[in-house]
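Which chain is which? They are A, B, C and D, in the order written, and residues in each are numbered from 1.
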Amino acid sequence: MKAPMNPPIAREHGLDLLREMLRIRSFEDRCYQLYGQMKIRGFLHLYNGEEAVAVGTMGGLRPSDAVVSTYREHGHAITRGIPMSAVMAELYGKQTGCSRGRGGSMHIFDVSRRFYGGNAIVAGGLPIAVGLALAQKLQRQSDITACFFGDGAVAEGEFHESLNLASLWKLPVLFICENNLYAMGTALERAQVETDITTKARAYRIDAAAVDGMDVLAVEEAVRDAVEKIRRGAGPALLEMRTYRFRAHSMFDPQLYRDKAEIEAWQKKGPLITLTTRLKALGLITEDDYQRLEREAANEVDSAVAFAESSPWEPVADLERFVYAERRG
Amino acid sequence: MRSVGDEVGTGMSSSAADLAKAGSPARMAYRDAVREAIRDAMKADPRVFLMGEDVGRYGGSYAVSKGLLEEFGPERIRDAPLSESAFVGAGIGAAIGGSRPIVEIMTVNFSLLALDQIMNNAATLSHMSGGQINVPIVIRLATGAGRQLAAQHSHSLEGWYAHIPGLRILAPSTIDDARFTLAAALACPDPVLLFEHLYLYNMEGELTAGLERVDLDHAAIRRRGRDVTLITYGWSLHKCLAAAEELAKEGIEAEVLDLRTLRPLDDAAIMMSVRRTRRVVIVDEGWRSGSLSAEIATRIVEQAFYDLDAPVARVCTAEAPVPYAKHLEDAALPSPARIISVVRGVVSGNGAH
Amino acid sequence: MRSVGDEVGTGMSSSAADLAKAGSPARMAYRDAVREAIRDAMKADPRVFLMGEDVGRYGGSYAVSKGLLEEFGPERIRDAPLSESAFVGAGIGAAIGGSRPIVEIMTVNFSLLALDQIMNNAATLSHMSGGQINVPIVIRLATGAGRQLAAQHSHSLEGWYAHIPGLRILAPSTIDDARFTLAAALACPDPVLLFEHLYLYNMEGELTAGLERVDLDHAAIRRRGRDVTLITYGWSLHKCLAAAEELAKEGIEAEVLDLRTLRPLDDAAIMMSVRRTRRVVIVDEGWRSGSLSAEIATRIVEQAFYDLDAPVARVCTAEAPVPYAKHLEDAALPSPARIISVVRGVVSGNGAH
Amino acid sequence: MKAPMNPPIAREHGLDLLREMLRIRSFEDRCYQLYGQMKIRGFLHLYNGEEAVAVGTMGGLRPSDAVVSTYREHGHAITRGIPMSAVMAELYGKQTGCSRGRGGSMHIFDVSRRFYGGNAIVAGGLPIAVGLALAQKLQRQSDITACFFGDGAVAEGEFHESLNLASLWKLPVLFICENNLYAMGTALERAQVETDITTKARAYRIDAAAVDGMDVLAVEEAVRDAVEKIRRGAGPALLEMRTYRFRAHSMFDPQLYRDKAEIEAWQKKGPLITLTTRLKALGLITEDDYQRLEREAANEVDSAVAFAESSPWEPVADLERFVYAERRG
């Protein structure tokens, strides 16, 4: 696993990274409460513990790059720049939601930000990402496509087919595997005989590296290197982000498959703690800074909730709207 | 067919023990009835095993298999990787090889990834080999919408699967069927798909005293009525029964026919009821166009056209991917209210030609 | 909708050049018409590319794309690995990304491996994203039986695909449609599946002089008749036309309606013909139960019940995996002979209720 | 690629190997003629050039082992012991065919010989083979399952999923990849970025070796080693058989994608030439032996054709027979 080089880091940048991770954390914590209040329904998969992956990755992308995500995508969406209010309204199922209430938690879309969703079929997004990258290459763009997926997705046939295709055609795809060690209740080593995902990637001649997914600086650095190569036309790359999900898989998960000790051990090296400790040690931020950012995040979530609460519902008459495009040709 | 009763003596009693927790021995939730059916089968036949995603450590994504790993061990309660095509195909191969797999596809939505194995192998091997091979696999799938799971997690494809020759498609919709259909399915040499609507798992009910087996072949009248026949299955059965209660208050007596088996269809039971009531409303949760309701309506026209006093009507799901928002999803799916208004139209409509 | 004619001037003339080989400029085989349509599209729009297994070096498994690799190069005529799910999904992604992919799935039989991408992505993305995304992909699939390719290579699933909201399903069955449907499909922002029956590729015919475009929305009456309406599509259209000729000798004038579009269905055209002839036989190559014929029959009952003088009848494929042996396969599929005898029954049947 | 050890070989054994390969060759050549005469229809995929793979592999299996094959399976079927007459009758679509005429060339079945078909979906047989092996393991049998597939199948998701499953559960599967360098008209290197299939197998921690598929002795030896390990419970193994198809992919293939020179070069190292040359060099057989075996094979094919010609058709009334099992429970 690549060790972070601990590059010199500027206070402002450190604060930006911390701010983004706190925005995600407090959004997710609020979602958890709102689910209890039945404001949010359906499946809800929270990102707590994995914030460094989203934040470290998005920072390395351009607005014109494409992003394909999974059903655990709030963090990706928010740090990509989709307003919390539009995401929260979507979770409420409101007309002002980024998918007009049709998608919910698993289907956050914002084409204006090249955020191509939220996909609820494990590994279902990989071929889509390959296709977006194919279009980028055919159109001679210098943009790339970043594709998030979990360790469980690696067992699916679509992983195999997509990596081969991307590598064979040298497409500009950054595959980001969020290896949080579990696919629902199934530990990686009980689902896949080769647990080193970078080894698998190399079987498609794809450049791959494992990264400490709890260290946002390590993620940033690895993504910067990979993206630079991909833009140069070197073909796809895969980064295995070693991370951990602090909460249950979804709101229905009794977590019989892992014990508290394991969770606590990982929480000790959580992304917020890791970055804050480093920044404080370097004397770049104070506890006050942290408190302020946390408050700002909470306020942003408050107004997102207020926005969602006060937003209208899509008229029932529009149920079948958008099944087919409204303009033809 | 193998008699379930013969084999489940111990199963029944130990299940009774279990169920004591859940209240009176005869009362249980659909989820528990399915679990008991699996336990019985595992005990009755060492060839039986359960395989699927998160059926073991996790306890089943709908808690159906909770506790079975502890009872039967990891070899017979097999957690599978996210590889639908491979583990469904492996179930087919294991069935050919003399085992009796119960393969759980977490939900029908993911079965699309295994469809080649189901259509091109499970359904064809017997015929294509000139009868040399049987594929006694049982595939269990959660199906249906209504939980705000949005477009990719709300499919109702059981009627669509019923298009495929070589498969048997069952939809256990009562506690009795949940408790005993599996044994009949395992005893059947053909591939059987059991569709369990996700709304049914929490449903509680009384197990019919003394019942020890059910068959795979017949529809069942769940409510008698003379004015109109509601033909349905799965969770829609319970919507129809609710609608029928309301209609009775208006003096409309609806007969409710639970198809139970979607392939083959029990034409005899359908026509017998239709000939008596002369009016039909078909209720199914599939998208309207090409749903099972179309096949049923067409068979009624082919076999009982001159007995109809009104056009066959159907209540299905709107022709759209199922949306997340509650109010939109409710509007998309069949509801007692929609069933009632369609029935009113069919019954009041002048039947003279 | 974009006008094909506006763009294909050069395409037409150069195609004419090509076709000179094949005889008179206006006469061509279905296979060549499809190829010309692809060439036109490639020339008219640099965003268009063709992707699929063996579309390049091999020349297409049905020789449809023969010569296109040499003309347009490997970037736009893309040989894909055996990875149906990935390259169909990649087509969807490329369409979202602003390209205009024509994805060839060698045959519908292999599309099962890509069904998750088609149903859960291509068909849902527009609705699920609140209308933000269109998926202007065109997927071409060879379909049908009759060449003794046995169970796994003889599926007719176009009617089955027509169950899925969000997709447009077309079945070009004439030289004109083969020549011009693709352009209309590429101009449409929705995902379009074009089903080409493998028996059509060798069919030759005259291109209608002056025709420059066709639409995606309307059925077409291919033969006028007053006594019965044959509703069909694809290769079955030509079986119906042959049957109609025979029936005419007996004084039975059959109207033959070519659906052209299987989703959405052109209800207006169907009902208009049915109201005139008052008798209907639906012919389709799908397995009978749950075939498209069931949906059509049901719509007729829903919309024109009181105009019918006889029950709707259908001629479909036997409920079995399609067998290899010629005599068994012939018996399994719709044939002019079976169509004729069913029509005789429907016409002679006493329509009084 | 593992070099054959050229073990001492007995005349009888040499003759057996030659006989089997000649039986396949002359069966396939006759099929080619019969297709021209329209006695055989549908898709016909001939095995010419690959005989050493089937013969060298089957010799290493027990009658109680299971075999899963592809649509190019005549050679596997015949050398497995299915009477030529039953196979030929199947190609004629006769009732006496091993699949009663329902399967044809792509669907040869003989359960009495544990030959589980003929599968016309590329890679479709792999999960079935994994399942047969799972049943063997669950039933504590010492039998194994041999699974044939082509280089093209390796690109399919089912290859990925099946190899992982077999390795994860240590199932007794022998994966035999018949790498003939082409999938229809698509050369391996234009379809897959990693062309060494053993490298891919190792990404699932599966023992893999490349074998000269034109040398039946090399195939025999490699299969013997692999099968021995698998029976010991070591889990699955993969053998990449480097071979070549002498004829077109099917009867509809104009072969625009490869040139005569390449074909001729491979024909020079064909399996029949390779073995015959060696046996003659060792003074184990004479040209007369070869001629005799060739005649015997031709005679066997003659009587298979006669049998097929004189066999009855399945009654049309039985069209829907076997769609469902005739006995229930």
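Going forward, a residue touches a chain if its C-beta (ideal position, glycine included) is under 8 Å from a C-beta of that chain, and two chains touch if they have at least 3 such contacts.
Nothing here was measured: the structure is a model prediction, and the numbers come from that model.
**Student:** With chain centres defined as mean CA positions, report which chain is farthest from chain C.
**Tutor:** A
**Student:** Any chance you could check whether C-D or B-D wins on number of contacting C-beta pairs?
**Tutor:** B-D
**Student:** Hey, how far is the Cα centre of chain B from the one of chain C, in Å?
**Tutor:** Centres of chain B and chain C (C-alpha means) sit 33 Å apart.
**Student:** For chain C versus chain D, what separation do you get between their C-alpha means, in angstrom?
**Tutor:** 37
**Student:** What's the distance between the Cα centroids of chain B and chain D, rounded to whole Å?
**Tutor:** 41
**Student:** How many Å are there between the centre of chain A and the centre of chain D, using C-alpha atoms for each centre?
**Tutor:** 46
**Student:** For chain C, what residues touch not just one other chain but two or more?
**Tutor:** 80-81, 83, 85-86, 109, 113, 116, 120, 127-128, 150-152, 165-166, 319-321, 323
**Student:** For chain A, give me the residues that contact two or more of the other chains.
**Tutor:** In chain A, 99, 101-103, 107, 119-121, 124, 155-158, 161, 164, 168, 191-192, 323 touch at least two other chains.
**Student:** For the complex, give me every residue of chain C touching chain A.
**Tutor:** Contacts found on chain C: 1-2, 47, 49, 75, 80-81, 83, 85-99, 101, 116-117, 120-121, 125-134, 165-166, 168, 184, 187-190.
**Student:** Under the touch definition given earlier, write down the residues of chain C that touch chain D in their complex.
**Tutor:** 53-54, 56-59, 61, 79-86, 109-110, 113, 147-153, 318-321, 323-328, 331-332
**Student:** Help me check something: in the complex, which residues belonging to chain D touch chain C?
**Tutor:** Touch residues, chain D against chain C: 41-43, 93-94, 99, 101-104, 106-107, 119-124, 152-153, 155-157, 183-187, 190-192, 252-254, 256-257, 313-314, 316, 319-320, 323.
**Student:** Which positions of chain D touch chain B when the two form their complex?
**Tutor:** Contact set of chain D toward chain B: 66, 68, 97-103, 107, 109-111, 116-117, 119-121, 124, 126-136, 138-139, 157-158, 161-162, 164-165, 168, 321-329.
**Student:** Where on chain D does chain A make contact in their complex?
**Tutor:** It comes out as residues 155-161, 164, 167-168, 191-194, 199-200, 202-205.
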